[in-house]
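Written out below as structure tokens is the structure these notes cover.
Order as written gives the chain letters A, B, C and D; numbering starts at 1 within each chain.
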């Protein structure tokens, strides 16, 4: 097992390096100078030069990259140019915000979607199937940020139950923190349930066609047990990959939802750092999201054999 | 249940099965009976409704197909009126069922032991230990090597034949009064087919279980069944005892089926021997890289073809037979340079093509062709028949457009597909598709054709037609042919010479009559023994 | 099948109206989408302005119509470009195997792991903040998923016997790829293209939301929704109109995609 | 990012209890309401929002606007800005300048105490200035005093404990202005103990009304009253004059998101919200529990026209564009009436803003069309850059585009993000753009900001020798009347050249709870919280 793990990680290192180099160069290509942004257009060239020297931006691109890489490997991702905070703790704290919402939402969505897909496939082309598929397609078609806005207008503005804006971390004050997180989670759950229901229905239909289902029925096994013991475990694998994909994508920051709900998440951090040309923070964010992507894919591959013995870990 | 000796264990009366909004019923007014302990065969080609009838008995019809008429009596009680919950006591202990596809008949994610115990736990009050003992006992009975390990293993660790035996064991554990076997061995090769069927008959006799065998292979009917019923397009054509129904079939359709059984033709004159062989294979070796083990090391390579010599003379029909895994398909592909080979020579008209450069390889390819086994996969679904057959002519600059059109038309007529030029593959039947494949192979008048199991995926009657077509085309065009098959009956009809392969080596070769009548090697004898030849049986009865 | 018919019907109607809207908008709109009328700022829907006016007094209905044509144009172009790129790279990667496959796939994964946002900003700033920038940026963001689908299809088609038959006939690898593999990739790509149309529409709106999309004042549904956010309480219709347009279009696309997938399902092809 | 913001109090009572109950049912503690004890300012804390954490506690060192706003309560310089942005004495009682303008003699006030109790003597001034002039301390305004910029300080000496003498290499009318610049930390005079024995910066020990108490990184900075503060006699006058620390503690809370800050202000969790947007101001004006102080400031919104551009090279086209715009309408619409039109580079709140500066463009479509015809303008597109980060810039650009199209001028908007626009501005790579200049406290600095030789400084908008001559003279002469004449001549010339069209000066609003009294905004937009009381009733 560890050998396979090592090989998988070794395979991702080139991708991570490639991503960091691509980001490093693209950031420098994009016009806009962080020092000018910080000091404002009023600062005269001498002051700009002074600050650029302090931040080491006057060195050639390649040395800057290796300086950054050396520090990154030692776990120090540098300091933000806009607010002077260390990058890694800042990212880690912002990641908590995004992760809390995404993980809860995806978990809830899976709990709803997998059984719903199962029933829809089992009752294929009958009223229940059409209803479930109709609902799933509807949920799939509503843009998440618009849905967020609507919920915000209804529950925040109109009813006033939930705060319209602002954020209190749950670690700080749980009762307040929960209020700010309910709406984003609900929005995400609705959207992701649509996606996962369709997926789990498709894979269940595939499984129902196979003969061991008929074989189980021929042995007199009751329908509910056929679904639970025979169909569900086999249908769950492709859905698991889909969940892995979704997690990998969302954890890199649901920027748009964070904008709608003014949540200080990872996505929001990335956008602000793009606009402020905050190179260290952006570099850190991208490396962090790439790592998340890798870790999630690894976890999905690891628990694959748990569900499907055919997939031996080679 | 008051089961007097002669009261039928199962009687089907006027059974009618229809598609939800289909026009023509799948099964119409079907009636038959199965006596306790009797072995009844249901014979018919694909589309005759035999599988649907069998599944209707256990109410396992796929969605969209329903039983709209008739009664199914099991031990005198009508099953068709029972709802799913009421069917539970019948499914398993009453009637057991074995399916066709071994690869997907066992749930891949559960251990074998669990799946077998499921039935027992459901229908009996036995303790876990007793269930375990019963399972081990049954596994030994179906000759599974290490029952202990087998219980903890997963289905994917076994071959097709082994899985079919495990399924048989798990069904027979419940000691059903009736076993329905829906083409249990179609997907297996002759040797494992023989073993599985012998086991099934043995288990049924021990337990007094009646068996309903659904098959399209008359050979099996001759060897195993006591009585048979013949179905055509959902209707009962004829019923009768086995030897009688094969020897003098009363109905026209049944006679058509019996005629389709391959018969030995008189051997061709011995003219071919002294000519210079068209294809000579000398010391050919083919091996595949071993599976990856660890970071860089690999398992030692697996040798598939082991220093093999072979001659094929022009116009000769050489049959290459052997069980699955004997390397016969690899040899065919290696000769045509479709599969890589490690050493040896392949001489075509005296020129070694194994290490030939591109131009020589191209010339070699122009002169030979390959016919595939699966009619569905060998034709490009996006091209019409005419284009498929015309494509090889691209490489014959000598023919102008008009000549090409004539040549395609000619070839289509030869294979009996005239007028179907504009059709697409998915609009044709299996037999018609295989004719298109043959037309494509012959349109360039090749000198050498390799036919890799060309007929084994077809129904019996269509198989006979295609074989006869192949023979007449060879006689007409005079191409040499390497006919690869595991079906000795077909080889018996068509081959001039027979080569028997086992694990990459030739164990025996000679003319068809010598090899078939006086087999020398034990493996050849086992193969011949395993091939059901009803006519020989019927001859003994007559 | 009943389900198929209802899906196609609803989907067809929705997409039909969208296309008509887009075509009409190119020729005529009730008011000029850019016409500013400060006196009638933030008016509720009325007879004069069917869907009310926005913070600059511009007519929301005409902007929505104009937005329909811009958004759909962007989506169509992006889908076309991404599919073309994906097809070429996918077929080459799938067919060539060996090192070319591994290198192409490495780049592909890098592009996948790359956040679309930075890519969008980078491309838009280099090409210029206009429609073409968005189309290029989004097609670069979506091409990798097309590559994956195409490569998967090609890998499965390679094993099919008619590819081997084509080689037996003596056709060159390139000819086999062009004549046999490419046409058979059409079905899976068509299905992917429909769902991608929806995703692109969503991404354009999301980008506008973050201030990166098609630059105002040219209207797209995305930037209309984005600029409506501060007026969420005072002018509700500003939020509802663009959002509803996007949702209905996506619903139409998904329904059509669903029926397309059923019709092109390989199993139905074989029966 | 901790924003101690309890949920808004204005939710309906019933649904509030429902929510509270569910929260309680989950066994979660109810939110603790903030309550303020009354009393004569003792124990009171005034909570002020800053949108990002301060960068350091060293005045003039690593700083940004927020850092200056906090530290100007702690450190005071020899001189400081008055209310009308002229320069007045602060720690110095009087300032004498030699005839040749090369020697400045400051006489210190008596009995001024440092926050650690030590009395201010001339040596402390010398020590502070030596530290500022050392490059290692990275003082932002060092280039102005080491010869690169305006002048070079040759020496700083203390002939006796009461007087300090500065010797300069070149005379400059702006020496005192530079010294008083808030973004140079007003060259605050600090006590030796602010720095550790090894020269490392510890914390600011200044002479201001508030002293440094605590800095919780990323959360808040807290200052507390310096009881030993010796205030000047006269009333409050800009950053100088009389200062009295009414409230005992000032807590500057970091709330980056303006929407969150607004919500906090409404709910009473915050006392002062520094930079609400115009839309917020309109909304707040309608509320009874919030007071908004709004004053015009010196930052300037203008349309820059690239005079080297083939189309805009012709002054008639530029003048036609100016005539096509209704600048008063733009100013009032964009700022929701908070700012008045000002077509001059000299800010409307500057003492030099007289009748001549007030003259500007008047919309005349027919004249505009005539000029366009003369110039042979055939509707070629003029690309105008704008951005969404500063809402007022984008709104102005949209209005300009609409008005210009009425005169037949075809303007295409190119919306970029602020960093890209700034980059295009510094390189001069634009046809036209809506731009915002940060505040300058002296009109000659404003003119220096916009005029200069385009060859060497591509960011400058106005390249005219006529203006350049007058600008250099205005930088040197210290005669107020003469400088007024120079500024008026430059303004009249600009109205002719139309290198840019100034639209209006931004206005700076500060929103506070009703209970906060005594606050008054002023031109340089540096909020001051001395002389500000917090009434008992929340």
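Going forward, a residue touches a chain if its C-beta (ideal position, glycine included) is under 8 Å from a C-beta of that chain, and two chains touch if they have at least 3 such contacts.
These numbers come from a predicted model, not from an experiment.
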Chain with minimal offset from the mean of all protein Cα atoms: A
A-B against A-C, pair bridged by the larger set of C-beta contacts: A-C
Centroid distance [mean C-alpha coordinates] between chain C and chain B, Å: 48
Separation of chain A from chain C, taking each centre as the mean of its C-alpha atoms, in whole Å: 22
Rounded Å distance between chain A and chain D, as computed from the means of their C-alpha atoms: 40
Junction residues of chain D - those touching two or more other chains: 389, 417, 420
Residue list for chain B, restricted to those that touch at least two other chains: none
Overlap residues in chain A, where contacts from two or more other chains coincide: 30-31, 125, 275
Residues of chain B touching chain A in the complex: 55, 58, 60, 63, 84-85, 87-93, 96-97, 99-101, 104-110, 118-119, 122-123, 154, 156, 167, 170-171, 174, 291-292, 294-295
Residue numbers on chain D that touch chain C, as the complex places them: 279, 329, 333, 388-389, 394-395, 398-399, 401-402, 413-417, 420
Chain A-facing residues of chain D, complex: 1-8, 10-12, 15, 18-19, 23, 26, 28-31, 52-53, 55, 62, 64, 138, 140, 143, 148-149, 217-218, 256-257, 259-260, 262-264, 389, 417-420, 422-426, 437-438, 440, 449, 459
Complex interface listing, chain C residues touching chain D: 34-36, 38, 56, 121, 125, 128-129, 211-212, 215-217, 230
Sites on chain A touched by chain C in the complex: 14-15, 18-19, 22-23, 26-27, 29-31, 125, 129-130, 133, 137-138, 140-143, 145-146, 149-150, 152-153, 157, 252-253, 255-256, 259-260, 270-271, 274-275, 282, 286, 289-290, 293
